[in-house]
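Common to both upcoming complexes is chain A, partnered first by chain B, then by chain C.
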Partner chain A sequence: MTAILPAKSLADRLTTLFWRKPNLLLALLITPPLLWLGVIYLGSLAALLLQSFYSIDEFSGMVVREFTLKTYGELLRPQNYDIILRTLLMSAAVTLGSAILAFPIAYYAARYAKGRWKAVFYLGIMLPLWSSYLVKVYAWKLILAKEGILTWAATQTHTNFVLDAALALPGIGGNSLSTSYIGMFLVFTYVWLPYMILPMQAALERVPTSMLEASQDLGATKAQTFRTVILPLAMPGIIAGSIFTFSLTMGDYIIPQIVGNSANFIGMAVYQLQGTAGNTPLAAAFAVIPIVIMLIYLSLAKRAGAFDAL
Partner chain B sequence: MPSDANPNRTPFALKAAATAVLLFLHLPILIIFLYAFTTEERTYAFPPPGLTLKWFAAAWERADIWQALTLSLQVATAATLLAMILGTLISAAMAQARFFGREQISLLIILPIALPGVITGMSLRSAFGLMDIPFSTLTIILGHATFCIVIVYNNAVARFRRLSGGILEASADLGANAFQTFRHILLPNLGTALLAGGMLAFALSFDEVIVTTFTAGQQATLPIWMLEELIRPRQRPVTNVVAMIVFAATFFPILLAYYLTRNGSETAGSGK
Partner chain C sequence: MPAAVEFRSVSRHFGPTTAPIKAVDGVDLTIAEGAFFAMLGPSGSGKTTCLRLISGFESPTAGEICIFGENVSNTPPHLRNVNTVFQDYALFPHMNVRDNVAYGLMVKGMARAQRYAKAEEMLALVHLDAYGSRKPGQLSGGQRQRVALARALVNEPKVLLLDEPLGALDLKLREAMQDELKSLQKRLGITFVFVTHDQHEALSMADSLAVFNEGKIAQIGTPAEIYAQPKTRFVADFVGSSNVLPPALTQSLGGPAKWSSLRPETLHLDPAGPLQGTVTSLRYLGSGHRIAITTQGQDIAAILPTGTELPEPGQQIRLSFPANALHIMDQA
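Entry: the complex of A and B
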C-alpha cells in the first residue's frame, strides 16, 4: 500500500500503521468499552459476591467484613425460603401465561399478516415493549382498583359473580384484584408479554409453509399439526422468550410493592434489606439466587438452541 | 382428511385472538390518559365524574416535577452519549474480526440487561458502598450507561454485518486514509442505525427506575418521583399528567427509531 500511496500527514501514517497491524486498531477500539464493562459492571458483580460472604453483627448492626457462610445459611430460614419459592412459582406462572397469550398474536403476525398489517403488528408489539414500565404498572393500578374500571365493567355486564368467585379463591384471591396474587399475575404478564411474543414470532416465521402443507397432505388434523410440527419448531423461540419473562419476574420489586398483598418477593427482599434494614450482606446473598438460577437456565436454554432464536 | 379447504385463509378464531391480545397490550395505556383529565382527586373511580384540564396547570407549577424532569433529561442525555461512543467502538471491533474471547465479550455486553435490574442495581450499590463513593447524579449516569451500551451495540452491529467490507477497501484503494474512510464512508452508512440505537437508549434511560433506586441518593429522576407517588399518592391526577409526559418522552424516540431503520433487515427495537 505504502508504495502506491506515499505516507504524508499524521492521518496517513496512522492509516498505514493500522493497515500493517490490524490488531492495534482492534485493541484501540475495544479497550474503552471493555474497561467500562469490565471495571464497572464485572467489578460491581464481584463486589456483590464479596458482600454476600460478609455478615452483619447482630448487636451493632454493622457489616463485619470477614469471610463467612452464615449469611447464605440465613437464606434457608423458613420465611426466606418461602420468599424464594413464591418468587419462582410466580415466575413460572407468568412465563406459562405469557406463552399462552403470545401464541395467537405471534402466529398471526408471522403467518397471516401481510404488508401494512405486518407493520401494524410489529409496531403494536414493539411499542408496548419499549414504552415506560412504570406507566404500564400505574395503568394497571388504576384498572385493578376496587372502584376502578374492571369492577365497573363487571357491574355493567352483571358479571360481578365471576370477579367475586375469582377473588374468593383460597391462596390467590383477596380483598380486591389490586391486593391479590391474581392481580399481580395479570400485571406481570401484561408487562412482560411483548418479550415473549417477539422471539416466538421470529421462530414461527422460520417455519416453512410447505411443512404445514405437507403435514396436512399426510392427513394430520389441525391439532396434530400444531402438536407435532408447529410447537416443536416454535420451542426455541418460546424458550428464548421465557428467559426474559422468567428473569424479569424474578428480579422485579416494583410490581409486588404496588400490586398484591405485600407478600415478599426476592427483588423486594433485596431492596428492603439493603435499604431500611441495612443488611447489605443478606441482600447480596438474596441477589445471588437469581444470578445462579439464570446461569443454569441460560445453559439449559443454550443446549435447547434458544440462542439462535434471539 | 384435509382440515381446511384453503390453507391460506385466516382462521377467524386466530384473527380474533390476535386482535384481542393486541388490544390487551394497548388499552391500559389509554386509561392513563383518561385519568389525567378526571375531576376526582382521591380515588380511581370509573367512569370519571367529570373532565378538567386543571391538573396540567397544577403539574406545570410543581417545582419538584420540573426538578425531576431536568435530572431525567440530563441523565438520559449523558448516558446515551456515553453508550453511543462505547457501543459503537465495541460493535466496530466485534464486527471486523474474529478473536480470542469474542464469545465471552458478547456475553459480557448482554449481561447487564439479561440479568434482572435488581442485580445490576444491587451490584453497583455494593461496589459504591465498599469504595465509599457517595451517591450522586454521576452514579446514576454510570449505571444507566452500562445497560444502554448493549442497545446501541445491537443496532450498530447489525448494520456493520450488512455493510460489505468491500466498500471500505474500495475507499482505501482510492486513496482515502482511515479517518476519511470513517468520515465519508462508515459514518453515513452507520448513521441511522446509531441514531436509532441512541433513541432507544434514551428512552430506556429516561424511563429506568429499578437500577436508579439503587444508584441515586437524594435525587429523584422522573420515574423515581412517580414511584414515590404510586406508593404514597398525593394528587393522583397530577401523577397521571406526569405519566403522560414520561410516556411521550419514550414513545416518540421509539417510533423514530423504528422509522429510521424499518427498511433494513435489522429493524430497531426487536430486542430490548
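Entry: the complex of A and C
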C-alpha cells in the first residue's frame, strides 16, 4: 500500500508542530524582544528609579546607597524648581504650538492628498528627519541670529516692528530671536513637528468619510462637525503626538544650550549633574520628573475622555 | 401639492468631460409625498449617487432637483430637511447610543433634558429603550441599524433616505426589519426613499419603484406593474429573473416578432404544450423545483410546485402557459 500523504521532511515536521501549537511559534518569536523590553529597557528604568532614592554625601561626593527622599526634597529648592517649571512650560508651549500647526497639515494629508501628493507629503514630513539633528539646530541658530536671514527679511519688507515687538515681550523676548525663549520655541517646534503630524494623520485617516457626512446630514455645520466628531475621533492621535513632543522637549539638552539665553532645562541639568558634578541621584530624580508628568498627563487625558474613540 | 422629491433631467457625471463616468444620466423622477419609494438596480447602477444628490453630498452636473417644490441646488446638506440612514450606519463611536440619537437635536441647540427625552422616545420606537447608555461598539448589527434609524427619525425629516439599510443583516433579521420599516413608514407618514439591489425587498416593500440600469431609469411604476409588465429585457431579467425570449421564439409561440418575457412560475408541464426542449438541470428550491430546458438554443426556466412528477435531466418535455402570461416588451 502506498502512503496517501507524502513523506515528511524536517521542515514539514516543524511547520506541522507550529500549526498544532500556534502559541509555541508566538513564544519563540516574542521572547527575545520581550527580554529586551523587560530586562534592558524596563530594568534600566528601574535602576534609574532606584538611584533617585539614594543621596550624595556632600563632603566626599560619594553616593550613599541608602533609601532617602532627601534627593527629591532638593528638587524643591528654588533654582531646581525653576528649572522644572521652565521646562514644563516650554514643553507645554511646544506641544500646543505643534498641535495647532500639525492639525491642518495632517487633516489635508488624511482627507485630500491622493497618490503623488501623498508621497510628496510623506517626503516633506520625513525629509527633515533624515538630516542630522545638530545640523538643523545650528542652521536655525543662524536663521534666528541678529544678523540672520529673518532679521534681513524683516528689514527688506519693513516689518522690523513685528520682530521688535516680539523681542520686547517681557520674559520670552530678548536681544535676538536666537537668544530668546521665542527662538527656542520655534526650534523645538520645528524639530518635533513630524512626531505630531504622523500620529495625527494616522488617526484622522481612520475617520470614515461617512461619519462626517452623517454629522452634516443631521444638521451640523462644519464647525460643529469639527468640534463634536473630528476632534474627539482624532484625539487619540493628538495625545500620541503630544506624548512625543512633550517628552522629547522635556528631555532635550542640546537645543537649550545652543538657542536661548542659556537658562537651565531638565535635560541640561541631568547632563551636568551626572557628568561634571557626579551627582547621579539628583540627576536620576530630575529624570523621573518627565515620567511622572507624563503619567499625570495621560491619566488626565483619559479622565477627559480622550481615548473614548479607541 | 408638490412632490416630495423631483428630478428634472438630472445627471451626475464623474471624471473628465471627454470620457465621463455617467453615474446618473438624464434621470426624471417624481416621488409622491408619503410614499415608500424604492430604487432598485444592480451594483454600480447609480442608486447611491441618486440618494446623495437628494441629501446634498453630490451636486448634479446637469438638471435640477426639487424637494417639496423647492429647488435645492444651492442648499448645503445640513440645511436640507432630509436625513439619511447610511449603508455602514456611520454611528459616532465616541458617543453612547442616546447621544448618537440626540445628535441632530444637539447641533440645533435643543436643551439637554428635552433632547434626551426625545431620544428615549425614538429609542422606544425602535425597541431599544434599555440601550441608551451603551456605546455603538457594544451593539449587534441589527441594533446598530435601529440606532441609525432612530438617529435620523428624531429630526422629523420630510424625506428619509435609506441606502441598502438591511444589506449587512442576516436573512431572518432582514425580514423582520423589512416588516418593521414598512409599518414605521406607514405610522409616521414620512416619505421613504429606499435603495436596494434585492428585487424581493423592493417588490415587497415599495409603493412604487424605479429600476436603475447604468445611471438611467429603465422603468418606473408600482411593484405589480414592474413585475408583470417589464418594459425592457433588463427589467424582465433583473426583477424576478424572468425568461426573456428573443423575437423569433416569441413568434413561434404565437406572438409578434418582438422580445417578450415569460415568468418561470407561469409554466407547467403539458404533453401538448407549445414549448418543447431538453431538460438541462433540476434544482430543489424548498417551495418547489426549478427546472431548466433548452429550446431553439435558448434556456427557459420553469418553477414546478412540489408534488409535480419531475422529469429527468436529458429528457424531452413540453411546457405550456396561460395565454396572458407571455408579456410582449415595447423596447429591446
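Operating definition for what follows: the second predicted complex is superposed on the first by the 244 of 310 C-alpha atoms of A that agree within 3 Å, B and C clash if a C-alpha of one lies under 4 Å from a C-alpha of the other, contacts with A are read in each partner's own complex, and residues count from 1 in each chain.
Everything below uses one rule, namely that a residue touches a chain if its C-beta (ideal position, glycine included) is under 8 Å from a C-beta of that chain, and two chains touch if they have at least 3 such contacts.
Quick caveat: nothing in here was measured; it's all calculated off a predicted structure.
Peer 1: By the touch definition at the top of the document, which applies to A:Met211: first (chain B), second (chain C), both, or neither?
Peer 2: Once the two structures are laid over each other on A, A:Met211 reaches chain C alone.
Peer 1: Between chain B and chain C, pick out the one touching the greater number of residues of chain A.
Peer 2: B
Peer 1: Of the partners chain B and chain C, which touch A:Ala47 in the superposed model: first, second, both, neither?
Peer 2: Once the two structures are laid over each other on A, A:Ala47 reaches chain B alone.
Peer 1: Of the partners chain B and chain C, which touch A:Val229 in the superposed model: first, second, both, neither?
Peer 2: second
Peer 1: Considering only the touch criterion stated at the top, classify A:Ala287 as touching first (chain B), second (chain C), both, or neither.
Peer 2: first
Peer 1: Just checking: does A:Thr221 make contact with chain B only, chain C only, both, or neither of them? Give me first, second, both or neither.
Peer 2: Both: A:Thr221 reaches chain B and chain C.
Peer 1: Overlap of the chain B and chain C footprints on chain A, residue-wise?
Peer 2: 213, 216-217, 219, 221
Peer 1: Write out the stretch or stretches of chain B touching chain A in their complex.
Peer 2: Touching chain A from chain B are residues 1-4, 7, 10, 14-15, 17-18, 21-22, 24-26, 28-29, 31-32, 35, 43-47, 85-87, 89-90, 92-93, 96-97, 99, 105, 108-109, 111-112, 114-120, 122-127, 129-130, 142, 145-146, 149, 172, 175, 177-180, 200, 203-204, 207, 209-210, 213-214, 223, 226-227, 230-231, 239-240, 243, 246-247, 250-251, 254-255, 258, 262, 267, 269-272.
Peer 1: Would you mind writing out the residues of chain A in touch with chain B in their complex?
Peer 2: For this pair, the touching residues of chain A are 1, 5, 9, 11-12, 14-15, 18-19, 22, 25-26, 29-30, 32-34, 36-38, 40-45, 47-48, 50-51, 101-102, 104-105, 107-109, 112, 119, 121-143, 145, 147-149, 151-152, 190, 193-195, 198, 202, 209, 212-213, 216-217, 219, 221-222, 243, 247-248, 250-254, 257-258, 266-267, 270-271, 274, 280, 283-284, 287, 290-291, 294, 298, 310.
Peer 1: Note which residues of chain C are touching chain A in the complex, please.
Peer 2: 55, 57, 76-79, 82-84, 86-88, 90-94, 103-104, 106-108, 151-152, 155
Peer 1: Note which residues of chain A are touching chain C in the complex, please.
Peer 2: It comes out as residues 208, 210-211, 213-221, 224, 228-229, 232-233, 305, 308-309.
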